[in-house]
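In structure tokens below, several structures.
In what follows, chain A forms one complex with chain B and a second complex with chain C.
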Partner chain A sequence: MSEELTAAKTQPVSVVERYPDWVRPEERDGYHGVIVEPEHLVAFAESIRDELGFDFLTSVTGVDYHPEDRMEVVYHAFQSTGGGILEFKVQLPRANPVVPSLVGIFPGAAFQEREAWDLLGIRFEGHPNHKRILMWEGFHGHPLRKDWKEPFFIQDQKPFDQRWPEGAFAYIEGANAFNKNVQYPDEFDPASWSDNGGDQVYKSTEELSAEVDQEGIKTERLVVNLGPQHPSTHGVFRMVVTLDGEEVLDLEPVMGYLHRNHEKIGERNTYLMNIPFTDRLDYICSMSNNFGYVLAVEKLLGKRYAPPERAQYIRVIMAELTRIVNHYMTVGFLLNDLGAYFTPTMYALKERELILDIFEAVSGSRMMCNYYRFGGVVRDLPEGVEEQIRRLAYERLPRQIDEMDRYLTENEIVRTRGEGVGVLTPEQAIAHSAVGPVLRASGVPYDIRRADPYSVYDRFDFDVAVRYHGDVYDRYLVRIDEIRQSIRIIQQAIDGLPDGDVMATKPAYKLRMPEGEAYGRVEGPKGELGFYLVSDGSDNPWRYHVRAPSFINLTALRQMCVGEKIADIVAVLGSIDIILGEVDR
Partner chain B sequence: MPEELNQEGYDIPPEAQDSVVITTLDKIYNWGRRYSAWPMMFGLACCAIEMICTAASRFDFARFGMEVMRPSPRQSDVMIVSGTVTKKMAPLLVRLYNQMPEPKYVVSMGACAGSGGPFKEGYNVVAGIDQFLPVDVYIPGCPPTPQALLFGLMKLQEKMDNQSIKDVRWYSDEPDPGIPIPILGPDLIDPRDFPELMQIREEGEES
Partner chain C sequence: MDGRGILKGLGITLGHIFDTYWEDIKAGRERYFTEEGVRSRMEPDTKGIFTVQYPEERVPVPEEFRFVPFLVYEEDEDGEREIRCTACGICAKVCPPQCIWIDRAEDPETGRPIQDPEHFTIDIDLCMNCGFCAEFCPFDAIKMDHEYELATYERCESNVYHLDKLLKPAAYYAEIRPENYHREEAEKKAAAEKKSRRRRRRRPKKD
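Right, the complex of A and B next:
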């Protein structure tokens, strides 16, 4: 921990020395990184990528400092060989925030910049597809701006002063002019308004389908829409695919059908209230979402909230059990998409149920665990659970994963459908900010548990699973390997589980939070799950941003699918492993 | 089977008791329907995972004749709205409902589909799917456990039992107009609200 902090402290100074004309040091207390002048941003980004090796831009987001006339775009970059963070910011006026787009240098910024435009209204000059991403085109306003109020607005910060005035129950609907969760801008006139927007997505692919001539033979290009209600899009995800025969010429992902305003609600909540909301981000892996969030908040809080040993070990055990659940389900659903129907999923869900029993025993809920707290975990393992985990880790799971491996890995259909399909080279994977199993299947041995260790992961002996072909089959294999490694970690953790407390402090509803910012990240089952928090010293986060691995992994979807057959799209999407709760937040 | 279907008060000769059932048309019609309610295979959010678990081995709703999940609305009887309905998704959900053939039922699974749940205050969240669709069964929980979902589906079966062929809406003479599909404007617009919207606007201008 201390090494990590010093690394984060020393780096910005050297960056300031290196680029004295382009950047200036961050001077606010509790803030890190450097501030780049907007006009030098592109040159700076290119230089840190090529000269300093910060080739891995993981997170791009914005912060609105209303009522000060200032907005910031915050970038978090890492080296793909491992190590600490390089954070840089651009400060912009609130009235017209325009910043050059970094998509040309880091293609992985494409969706994140669109998200910042959608939610905060920051314009990225030179972005090739500058459109809204989570809300629809035509939606009024940019919701994450601090002066934008949602229809059911009560107060800026929770807990609300009084929800039941004078003891009487009042529906929030009554406070709204339309008695519903809707509001319209003043200039909106229902009498003269007509739905003339059409579908923006089809418009952009129209040009492609206009060309039809090929060696004298007329072949029609086809635009096919998959989703949002489609059995193999894993939820409400939509893809607009342009086809030449069966070959994919272009693909545009459309998302936002499950945009539940996680960040807006998170900025109204207190820090503690956000933990159950993080459960619902990636709803298969609630434990590791909790982990990422509490790590970020503990970074802000400082040493007093360092969790005791026992809590650290319990956290690791739960996070690794979550990883096993997630990879089992991914493999099950991938096979489902490949045409094995529901049988592999049944095998996967069988093991999942046993692990969910443990989650239910420790937290009281099967899926939405809400188990981690700042400075520990909410309660100790109940009687018998330790034995249950030991039995799973030593007896059942190793046997079951061998069985799954035996049934599937050498299966001819799995191999022919997977090998050489949806290839992502290591360079492309890094450029598109792909994380987790997608990155490691492309031959980049980047695992945050090793590259930038957190919690007590540096004490365990495990291998980083890497495969080198970058295709669907390797992404499947990486997951099987990772289940084995997770079992190894759980075995070591349960054997070394120390006695003692599970909370560093007394439980409290409110935290005394110092001003500042923090970026906490964990290697979630789907990859780097980051939480970016800005605190203004009050009970609620000023800015609460989730760097969602599923969302950013989708940036590479087009790259993987173009040139493949339409049936392979489903396999590629299954191998990326997305959860819509996390994609859309 | 005979116990469930037989109409009381009819004496069947002992030698025919194994092969003859005297019942009403309603009873046999509903008996057939209640054990073959095919849910639509689509998930919206977290609740969908619990719905999948309910279909899997430990809970297994095949025991109630519901294992045939259909990906197409044209082939399904029950729409399980499993998760948060966002404004962006609402038009599609209504369209899916309109595409389902009668008899059709809607089960609202979880807090979000019932009322908006923890995300109710969100700017992109529809506070309850019953603003658009006629809901038959509400299942509380976040997410409801598989047991709760099973209980909700059993309640739906009870509801089917109590319907009569004489007055169900799908045999009435009037054609079903369907539910008007909401529009994505500056915010979600329900076409049924247009007159009210105009009125609010006019009053606003006058004052």
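Right, the complex of A and C next:
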């Protein structure tokens, strides 16, 4: 790596020196990165990608600074060879926020820009598919704006005053949505409204797909909706597929059926209250979600909240156990999608069951763990759990994963259905901001635990699992490899588990939060799970954004599916491994 | 690709079938419908099927298991109840879904607030079982329960818990969470001793 590259990686100041006309340094206390003028944004993005190697734009989001009458678009870029962050922002007037779209340079921004438009009303000029993504077309307003209020609105921030000291209970059903609690725009008549979202989806697929008339044989294009209720989607997720015979000409994912505006809820909550809500994002891996969130908050809080050694090790053990659970489930359900019915899934669930017993013993809940706290974990391992983890990591799991490997890897059906299907090249994977096993199966050895180490991961000896074909089969293999590496990490961590406290400070429900922003990210089982927080110094976050890996991995779904057979879509989707709780948020 | 991979895989499933029957034969009747049987199927070296035949069998819940809060009261010999809760409102303030309503009692003569809840309501359909209320309660007055079979036919009457339904004796708490209970009691005792020692030290000075 050239010296210039290293310098750019560590010092945003040098970016300012390099592009003095385009950017200016961030001057607010607690804020990082640089501010780019909107008219130079595209040139700047192209330049950092091609000249500085920041080719991996992982997160795009917006912030509504309502009192200052300003909107900001925040970009987080990394180098796919590893290293630190380059954060850049664009400041816009709140009345008419328009910014050039970066989809042409970073195709991975496509869904995230649509999300920012949908929830914050920031317009991205030049976006090829500028539509809402989580809410439906025709929805009134942009819910993440600070002046937008939801039905059943009680108060801007929790805790609600009406709960104490004069807490008169009232059924929430009493606040009926058809009574006074709903607002309509003036020109809107609910009786005559009909959903035209569907027409728009189909119209866009027609525009995108080519005319078909092969070798004189007249064929007709067919639009098929896979979902929202389809067993292969593992939830409520819809793919509008345009077919020529069995071949996929175009595919458009439609999502948002499970949308609950997790981020708005998060901004109403206090920092502490958000921990159990993060459990519900990717409900298979609640421990990793906790991990990412507490890391981001600890970044804001500063050194006083650095967790003690023992807590760090426990955190790593739990996160790796979660990864094993997730990859087992993914492999099991991928085989389910390939038609193996439930046998592999049941074998996977068996191992998961034993790990969930550990989670239940330490945290009190099998899935919604709520175990991490700012500055440590909520309680030490109860008696006997350490031994149980040791026995799992040394005796059972290595044997079981070998058996899974023997059972499936050479299976001819898995290989024919997987090899060469849904291929994503390394360049495409990086451009589409694919993360986690999807990225590593395409031959990019990018793992945040190595590329930008957090917690105590730099102390453990493990390999970054990587495969080179970028197809469904390799995504399966990467997951098997990763389970093995996770077992290695757990073995080292449980052997080196130090004694001591598990909390840096006394447990407190009120935090003194300094002003500023922080972006914390972990290598979750599905990839980079990032939390972007802006604090205005009050008890509640001003902005709380989740960079959800399975949502952004879906950006590459179309790329993987076009040209494949319709039955392969199911396999490709299974190999991406989405959880709708996280996709729709 | 000659089908050997599939055969190998099928061999493994066949192994699982044999394991299942072999384990059942080896363990005999002990394996099912006994507490030891359920426990043995939760060990890391378990083999064969380990489905738990709910509701005939139940997985034992660990001490930290948490499901829906309850309020702890002390009972003296005369059967007089003393609620630990002081209506300080911390549980209502930390509750993420805000499912706790507390109405603080007032002195009927002076009208000043007193440290007792007049009404205490938890809507358990809103409760997300996070356990923050129990974690941050300074008086160990609210704790998470182990009772998890709460299915009912309607919501309004049965799933909104008022004081009468929330209150459970300290003996029950000691039963479901013995370790926590004894630790807390020891801490309380130590704190009380420290306080009385300090008072004793102060007294001679006054004289």
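Here is the rule we use: the second predicted complex is superposed on the first by the 543 of 585 C-alpha atoms of A that agree within 3 Å, B and C clash if a C-alpha of one lies under 4 Å from a C-alpha of the other, contacts with A are read in each partner's own complex, and residues count from 1 in each chain.
Throughout what follows, a residue touches a chain if its C-beta (ideal position, glycine included) is under 8 Å from a C-beta of that chain, and two chains touch if they have at least 3 such contacts.
Since the structure is predicted, the reported quantities are computational estimates derived from the model, not experimental observations.
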* To do: Using the superposition on chain A described above, determine whether A:Y407 touches chain B (first), chain C (second), both, or neither.
  => second
* To do: May I ask you to decide whether A:R379 touches chain B, chain C, both, or neither, giving the answer as first, second, both or neither?
  => second
* To do: State whether A:A567 touches chain B only (first), chain C only (second), both chains, or neither.
  => neither
* Asked: Of the two partner chains, chain B (first) and chain C (second), which one does A:T345 touch, if any: first, second, both, or neither?
  -> first
* To do: Return first, second, both or neither, reflecting whether A:M135 touches chain B, chain C, both chains, or no partner chain.
  => first
* chain B versus chain C as contact partner of A:G256, first or second or both or neither -> first
* To do: Quick one: classify A:E353 as touching chain B (first), chain C (second), both or neither.
  => both
* First, second, both or neither for A:S363, with chain B first and chain C second -> second
* Name the contact category of A:V224: first (chain B only), second (chain C only), both, or neither. => neither
* **Where chain A meets both chain C and chain B, residue numbers** => 172, 276-277, 350, 353, 368
* Asked: Which residues of chain C touch chain A in their complex?
  -> 1-6, 8-9, 12-13, 16, 42, 44-46, 50, 61-66, 87, 89-90, 92-96, 98, 100-104, 113, 119, 121, 123, 126, 128-132, 135-136, 144, 156, 160, 179
* Using the touch rule from the top, collect the residues of chain A that touch chain C in their complex. => 158-160, 163-169, 171-172, 269-270, 272-277, 343, 347, 350, 353-354, 357, 360-365, 368, 370, 378-379, 382, 388, 391-392, 395-396, 403, 406-416, 507, 509
* To do: Would you tell me which residues of chain A are touching chain B in their complex?
  => 134-136, 138-140, 143, 150-154, 172-173, 177-178, 180-185, 188-191, 193, 195, 197, 228-231, 235-236, 256-261, 264-265, 268, 276-277, 280, 283-284, 342, 345-346, 349-350, 352-353, 366-368, 580-581, 584
* To do: Report the residues of chain B in contact with chain A in the complex, numbered from low to high.
  => 41-46, 48-50, 52-53, 55-58, 71, 73, 83-84, 86-89, 92, 96, 116, 118-127, 131, 142-143, 145, 183-190, 193-194, 196-198, 200-201
